[in-house]
Each structure stands twice: as structure tokens, then as C-alpha cells.
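Each chain carries a letter (A, B, C and D) given by its place in the written order, and its residues are counted from 1.
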Amino acid sequence: MNTKVNIAGVILNNPVMTASGTFGSGEEYSQFVNLSQLGAVVTKGVSIVPWEGNPTPRIAETYGGMINAIGLQNPGIDLFIERDIPFLTQFDSKIVVNVCGKTMEDYCEVVEKLSDMPVDLLEMNVSCPNVKEGGIAFGQNPNALEKITKEVKKFARQPIIMKLSPNVTDIAEMAKAATAGGADALSLINTLTGMKIDINRKSFAVANKTGGLSGPAIKPVAVRMVYEAANAVDIPIIGMGGIVNAEDALEFIMAGASAVAVGTGNFINPYATLNVLKGIEEYMEKNHIEDINEIIGCVR
Amino acid sequence: MNTKVNIAGVILNNPVMTASGTFGSGEEYSQFVNLSQLGAVVTKGVSIVPWEGNPTPRIAETYGGMINAIGLQNPGIDLFIERDIPFLTQFDSKIVVNVCGKTMEDYCEVVEKLSDMPVDLLEMNVSCPNVKEGGIAFGQNPNALEKITKEVKKFARQPIIMKLSPNVTDIAEMAKAATAGGADALSLINTLTGMKIDINRKSFAVANKTGGLSGPAIKPVAVRMVYEAANAVDIPIIGMGGIVNAEDALEFIMAGASAVAVGTGNFINPYATLNVLKGIEEYMEKNHIEDINEIIGCVR
Amino acid sequence: MEQKFREKAVIIRQEEIATGIFSMWLKTEKIAKAARAGQFIAVYCNDGSRLLPRPISICEIDKDDDAVRIVYRVAGKGTDEISFMRTSMQLDVMGPLGNGFPIKEKKALLIGGGIGIPPLLQLAKDLKCETQIAAGYKEQLFLNEEFKKVGNLYIATEDGEHGTEGNVMDAVKRNDLDAEIIYACGPTPMLKAVKEYAKEKNIEAWLSLEEKMACGIGACLSCVCKSKHKDAHTNVNNKRVCKEGPVFRAEEVELS
Amino acid sequence: MEQKFREKAVIIRQEEIATGIFSMWLKTEKIAKAARAGQFIAVYCNDGSRLLPRPISICEIDKDDDAVRIVYRVAGKGTDEISFMRTSMQLDVMGPLGNGFPIKEKKALLIGGGIGIPPLLQLAKDLKCETQIAAGYKEQLFLNEEFKKVGNLYIATEDGEHGTEGNVMDAVKRNDLDAEIIYACGPTPMLKAVKEYAKEKNIEAWLSLEEKMACGIGACLSCVCKSKHKDAHTNVNNKRVCKEGPVFRAEEVELS
């Protein structure tokens, strides 16, 4: 049985990845999960300088999901390179570094600093709804998206994944723009912008007012967008949004994702990534699927 | 205690309405709910001629929600006028007719036919994701939205509610466009476009491939959009999306909705509308709120 | 319009009568009193992630004890959840829903396939004329002893271990079952075969259909089937399985 | 790194010890063995609509019986759900989480407010020196008999029916409680008062904080508090309540 998948020339042992921001740089979850068993670990977004993130409360539970407005707190690229990359290189899984920034230059500088590092793929978060500048501004306008992709590509030695925002009218258009800019792969979806109001305190449940909605609640939107993107462009797609078990993951794969990422699912069960992987293998066995690549995008 | 709210000059006894398409024309649910107790009944979308709708399966359950692709099956405006309006005029609740069409002319003709009818408000569904022509095409482009609003207003004797699609990059822009076109009120949100794949049959769970996601899962997106729309325009807003109980409804009201509609919630509990109303009254009593209008948009 | 009720039913008892097939008696306040053979109830899950009610046919009605019996197969997460419930636990249900079987004084043939067999039990008990029941099982039998008490039972199993080898229509043909009226419930391919058989033999036939449902009471138009005649309700060739059905005259519906 | 476990714990027993306050003993496989006073566990709901675990402090640990006790207040839907669970039912939990209280050989003052009182019980049992406990209740007392056995208990209630009238700091001041070390758990205004009191009196003080959590193990950065020093982990003045906390040196954190 083959579970290897190819993301822009990088061969993952299996299609199961972690979703940026939900898994740190892997250390905490490594108590539960042998990271070597994962297709790839995707790190929390890292920027050129340390970011403090947003005030608390940063999260709120919602029906079948959660809202977060962490605001991309991170130690900055230097400490990250010094500490997190050496940690991750101990494992067999591929390493994907998620990059965030306020300006185009921010992204390019981080990408440049990472270009000599033992990192397999770079994922550009141009879709974070929780920071004022940058982030989502690039992810909601096709021209801006194409431009930043082109710019980042100039500095990158690793293949570039552009992470798309679902908060757009036409995801296919965005997928095409990123592809036109030279993206090597796409990942989607980031969170849907949402809000929760605490009716007793008559105020917002997260301090940032709005936050990003994630978890099983958003899965149907995510599957639809992966399907639309996969049918619009030819580069590989990493699907995510509400994946908790293997059935969820297989929906994304059949819709056209070459790999999948587990995000909020980790909070529900620290073993979620491994459960997803095991379930995919069981499904393949039961249905006599020799190669996972047979079913990528099989539903049309 | 006052629960009366004003939607474009029409005074509703209370802010609780039904969401179009989930309540027929009220007849079926009238076994459970005394329609006179509702602020307004909003009918299923009606078009100039009968529509057959989509093939089955038309719905699928999702985590904390459901996908539907009914495809606006309806008897056409003539039978509707003959049968459904006389039924509804028996009750004290206000009557809102939801209108759908394939072309601008379709909408205008239906609106014209309704102009002499004992109907209080007209709601334009320019946001249905489940029909090929018309519908959402008007709801995803601000210019098209402004234009159809203007056009419809020419034929309307009742105030016009424009029902907005959440499948857009910028809901505030859409709210402004409808307002610029002369809309008297807005309702939002319609369903989020979603997809579910049946991994065992390797096919789409609803025959139409994509469908509209509704129910508690989408509430955070809906509240956020109501908040953004309410802060962008001055016309009244009817909020909906995942309302099942009074706390849900109060979130929308505090975010800026003058009235709320219960949709998928009716399927979960046929008494949902009445439960919402009762819960709002209890909340007001407990928190010494004399007039519901005090808390409309109180969270900023 | 006939009354429908939403209630908290109390589980009188539940047992697994074949692998993955459960029989549950529910004490209701009003539903049992109003129910007829061929109608169904909507069963709500307790787990909040599953919102829509599960339509399950009524298998038996005990009017004296205000109880209804359902027999269901664990098909997914909702029925799985319900299968773990025990005596005296509560379950939200709505019903009775749909039209039910028309009770006629004619020599009857009841044809059931798999989990379509249970709704025929109350029907068989209600019929006053000669009643033959053809039941097609995959492998394991269930309810067969109960059917024997209310009519002549003909069984088919896929491996032929019990009764005729093959499907239920093989049993019907093998035993050359004749009737003035047919009532059928089962998977669509079976219903198609029944429809054809009835047409050939010129027998009045009633079929109980299934479709995915949301409201269960006719308001949402989720559950339509294609019909020969225009539906009075929506003026198109669609009928609502939950409201005009689930039981239709065979000629009236297109099976796909 | 200390071990954390995710297990299915079995409920040994649960009782309501004051209105809306529940005490539950959980049999665990590994958590009890590893747990310390001041740590907490993450309790998952069974209802699928509620995904995130609820952080609940460990109130007592029975290492011999591999059991932990939690005492919690019904604050919302999740704790409400859990309050209906009965002996022998299973609950998904993860733990032990967080750092716990440092056990020092000093004259100690434990200050607890409301539902912040329970985590002090195991601490009081573990301390070896003179232990004074100041507990502030709204109205109804709970755990007071148990605290009496492990130290000198001073009580405050809002209406003054038991002990000092007022809040827990009124009891501390009224009884002029002196100590070399303070451990405190309770609402933020109380913690602020404790911090100030400790500073004034120049007493070493440790505070147990609360923040909304998602992962519970330090990965998601949901639960940070403002800290005086840069956090080694993220290089900014934030510390993770679930990982570097929930117990912090008073001077180390900004309370808002």
C-alpha cells in the first residue's frame, strides 16, 4: 500500500500534516505523537521580529468549532531558526515553515533567512484574519496575491505554498492568481472570519472582536473550496478545515487535495493526526486501494 | 416590556421571524406554532412560474449544520397569491414574501404582481447558491446588486428587503450597494456554499454537488457579517444563520439586528421560533430591559 | 390536517434482534394514539453535532399502552447513538408523520426487503382479509416469528439458508403469490421490481418510499420524489415523501 | 518534559456538595500517579457540539487508588453536562497539566476564593509546615470540614453568616494572618488584592491563574498572561497559563 504523496517535488511519507498554529513547532504534541509518523509538521507562523499577539481572551468555543484571535504571537525568525528547526530535524517528517508578515518585505526577509535551512517547504500565511496589517490583505485581492507570490518566489529556495483565505467571493480566482504568481502548491482553507458575543457581559467573546472560525463546523465550506481550487489549477493542494477523523480527511482527498492538515482536531484529541492516518490506511485496505494517489480528486 | 421592532416602517410585534425556505408558507408548522405569535412569517422563495427544483438527494447533514440544494422548487406566483396569501392573512404576524428569479425582469414581475397584495414586506433572494442562473449572481457583485435593487424598487409598493449572500469578500460593501440602490432593509445571511462527499459511494452527498450550509455551525460567520453590515449602513437588518435559542438570537440583536429569523432551527425543534421568543422575553425581564430596541446593536 | 406531536418519549425496552438490528418500544403521550401502520416518526439525536431527526417507520402500535415500536438498522452515527440507549431513558420524537398504508378489504400481498420489513408488521395485523407476507433477508432473520402469527410468511435469503434462495421477488415468483393488492417496503431496486410485477399482473400496488429529510412535515421540500401528476402543493411533478408519502400508488411515482 | 496522558477516566462517584458545586472522583490509569497539587486536568465533553476540553484543577490525589478528585462549579453547558454523569460512566481527560504549586518548607497561608478553594486542598495536605487557610465563600460553605483537618481554617462569607463578613482578604486582615509564603487561587480581583498584600508585607506569593484554553499543553498560545520577563518560549512578555502556569510568582505576572 502506498501512502506517499508528492507536494511540489517533496515526497511526504503520507498525506497527513498539521495545520499551522495548532501544533506549535511540534514539541508539545511530541509527547503524544511520534512526529516521524506524520507526513509533515507545519509550524506556527513566524515573522521577521517577535510578535506579542493579541490581548486575551484569544479564543472562544462555538457550536462544533472555535474562534481564535491569537494574533500570530511568535518568537521571530532568529530564535525560531536557532531552536525550532534543530528540534524538527530530529524527525522523519517533512518540515513546513509557515511565514507571516506585515509587508511584502517582511515575508521576503523571512523567506530569505530560511532559504539555507533544512526546511522542505515554505507556507505563506496571507490569510490571517487576526492581524491588522498585512496578512489577509494579500489574501483577499487576486492582484496583491499574485504579486506577493512572485516576490516571495524570488527569495525562496524551497517550494512555496500559498495559504488561501476562505473569506473571498471566488476561491478559484484566488487559486489562479497564486498559480500565476508562481506558487508551487496551495493550502486551504485558513479560518472563516467570525464573531461571538457574550450576551451576559454584553461584549465580544474574544478581545479582538472578530476571530477565525475553525473546526468541524467549517468542513463543508473547506471541502467545497478545495474542490473548486483543485478544478481551477494544476498545482497540488493541501486541504484543511475541520478534519478530525479519516472520513473527514478522505473527503478532502477525494475533492482534490494531495495532502491534508489537522488543526483544531488536535485540541479535541492530541492523537487526532495519528487517528486520521490510521483510518486512511484502514479505508484503503478495506476498499483495495493500492495507492492513495488513485483517489486524489476522484470525485468530480 | 416592549418587544415591538420597526422594519422599514412595518411594526412587528416582536423580532422573531422565520427564515425563508424553512417554513413553507407557514401551514405545516401552524400545527405546532400559533403563527399569530410570530413577528413575521417569511415564505419560501416564489418565482414568476413554477420551478421544479433540483434532483434528490437535496440535503445532507453536516457537523452542527446541514447542506441544502432544494433549488427553489415553488408553485409560481399565481398559485401562491391564490392560496398562500389568504392562508397567511388569517394571522396577526406580518407577512414577508421571499422572491426569486432568473433575470431582473423575473424579479420585477413577481414584485409587481405582489404590489396590490396584503403583504407587508418583500424579500429579494439574490443569494441562493443552488440555482444556476440569477440568484447569487446578483448577490456577489455590488454593481449588479445595486442595479437590481433599483429596478425592483420601481415596481414595489411594499418596502424591499435585500437578502445578502455571505459568499463574498466584503459584506459591508454589499450592504452599502444594496442601500445605495434604495433597499429599505437587509437580511443576512443566506447559506454559505458548501460540499459534502460520501466517501463510500465516492460521490457528492447532494445531487447538485454543492449546497448551502446552514445551522448552528455558521452562526459565528453570520453574527460577524450582521455586525459589519450594521456598522456600514443605517437601514434595519434582519439577522439569521444558526439561530436555535434565545441566546443565539440575542447575539444577533446585540450585533445590530433589528429582527432575527429562525431557519434550520425549525427542523431541530418545531417549537424553535416560540422558544426563541420566550427566551428573549425572559432575558429582558431578568436584565430589566424595558424595550428590546435598547439592546439592538449595543455591542460595538 | 391530522395532528402531529413532538414529545419526549420514554424507552420501555430495547433489544438487538439481529446483528445491528434493534427493536425499541417507546412510551409516548400522544403519538401512539394517533398513529397508523405505514406512518413514521422522526427521532432526534441527543448529540448536538447531529441536528436532523432520523425518520424511522412505525413497526407496531400498542394503543392500550400508548406505545410504538420501531425496528431499525444501525446505518450511521445517529442510529448508532440511539442503539446505546436503555430502558427509561428519554428520546425526543415527532410523529406520527406521513400518510400510512391504506387499509383495504382485499387479498393482500405484503412485500418487504431488509429493513423495509418492519413497517409491514402493524399493517399485517390491521388487515382483515387473507394476508401473505414475502420477506427478503440478507442472511439473518428477524420478526419472522411475529409475522407467522398474522399471515402466511414466505421467506427469501441471499444464501438460501432460509426459504427461497435469492431476493424477495424470487420468493414471490417461486410461490406464485397472487393478490388483489400489494403493499411493499424496501430498497429502491426491489420497489422497481414490485412495480413492474404489479403492472404485469395488473394488481393494485402501494409502495413505501425513502428520501433524505429535514423537516419531516412538508415544509422544506427536501424529500420529494418525481410524480406522474402535478403536486397540489407546489404545482410541479414532485411529491413530498414525508407528507404525501411515504406510501404512494405505484403508478404515481417514478423510481430512480 | 513531564509526562501528560490522555485517558478514559471512570467516574468513581460524584456528588453535589453545595448548590451547583460538584465533587467528582475519577479513576485514572496514569494521571493520578503523575499529578501534583496545583496542576489541572482537561475534561472533554461527550456532546459533539462542544469540542474544547474544560480545564479543571485537581482538588485531591489518591496515589494508592490511582484516583483524582475535581470540584467544579456548573458555569455553562459543558460543566452542566458533566454534572449529570454517574458512577462508572467514562470521561475523556488529559493531564496532569501545568506546573502546580511549589512545595516549600515555610509557614504558609493559603488563600482561596469561591471555586478557587478546591485546588488548595491537596496543597494543604502536602505542606509540611504550619498551614493557615483563608477561604472566601459567597454564601454556602464546601470542603470546609476537610480543610479543618489539614490546617487552621479562616472563613469569610459575603453575608457574614459564617466567619468574617466580607471577602477572603477581610478574613486575612481581621485575623492578622502572617506567613512566609502565600499560595492563592480565586477570581482576578482577589488575586490582585493578594498580590498587593504580599508586596506590602514582603511575603513570597504564588498565584494560580485562569485563562481560556484550547490545547491545554502549550501549543496554541490561547492562554497567555502578561509577564514581567520575556518568555523563553515565544520571546515576548507573555507566558502560557497552561504550561508555564497556572501557578506564577506574583511579581512575575500582570493581572488585568
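Keep this in mind: a residue touches a chain if its C-beta (ideal position, glycine included) is under 8 Å from a C-beta of that chain, and two chains touch if they have at least 3 such contacts.
The UniProt protein names, listed by chain, are A, B = Dihydroorotate dehydrogenase; C, D = Dihydroorotate dehydrogenase B (NAD(+)), electron transfer subunit.
Nothing here was measured: the structure is a model prediction, and the numbers come from that model.
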Between the pairs A-D and B-D, the one where more C-beta pairs touch: A-D
Rounded Å distance, chain B (Dihydroorotate dehydrogenase) centre to chain C centre (Cα mean): 35
Averaged-CA centre spacing for the pair chain C and chain A (Dihydroorotate dehydrogenase), given as whole angstrom: 46
For chain C, residues that touch 2 or more chains besides their own: 48-50
Touching two or more other chains - residue numbers and ranges from chain A (Dihydroorotate dehydrogenase): 63-65, 216
Contact graph of the chains (line, ring, star, complete, other): complete
List of chain A (Dihydroorotate dehydrogenase) residues in touch with chain C within their complex: 63-64, 216
For the chain C and chain B (Dihydroorotate dehydrogenase) complex, residues of the former touching the latter: 1, 3-4, 6, 44, 48-53, 92, 94, 211-225, 233-238, 243
Residues of chain A (Dihydroorotate dehydrogenase) defined as touching chain D within the complex: 21-24, 27-29, 31-32, 44, 50-53, 56-61, 63-66, 68, 70, 73-76, 79, 215-216, 264, 266-271
Chain D-touching residues of chain C, taken from the complex the two chains share: 46-50
Touching residues (chain side chain C, partner chain A (Dihydroorotate dehydrogenase)) in the complex: 48-49
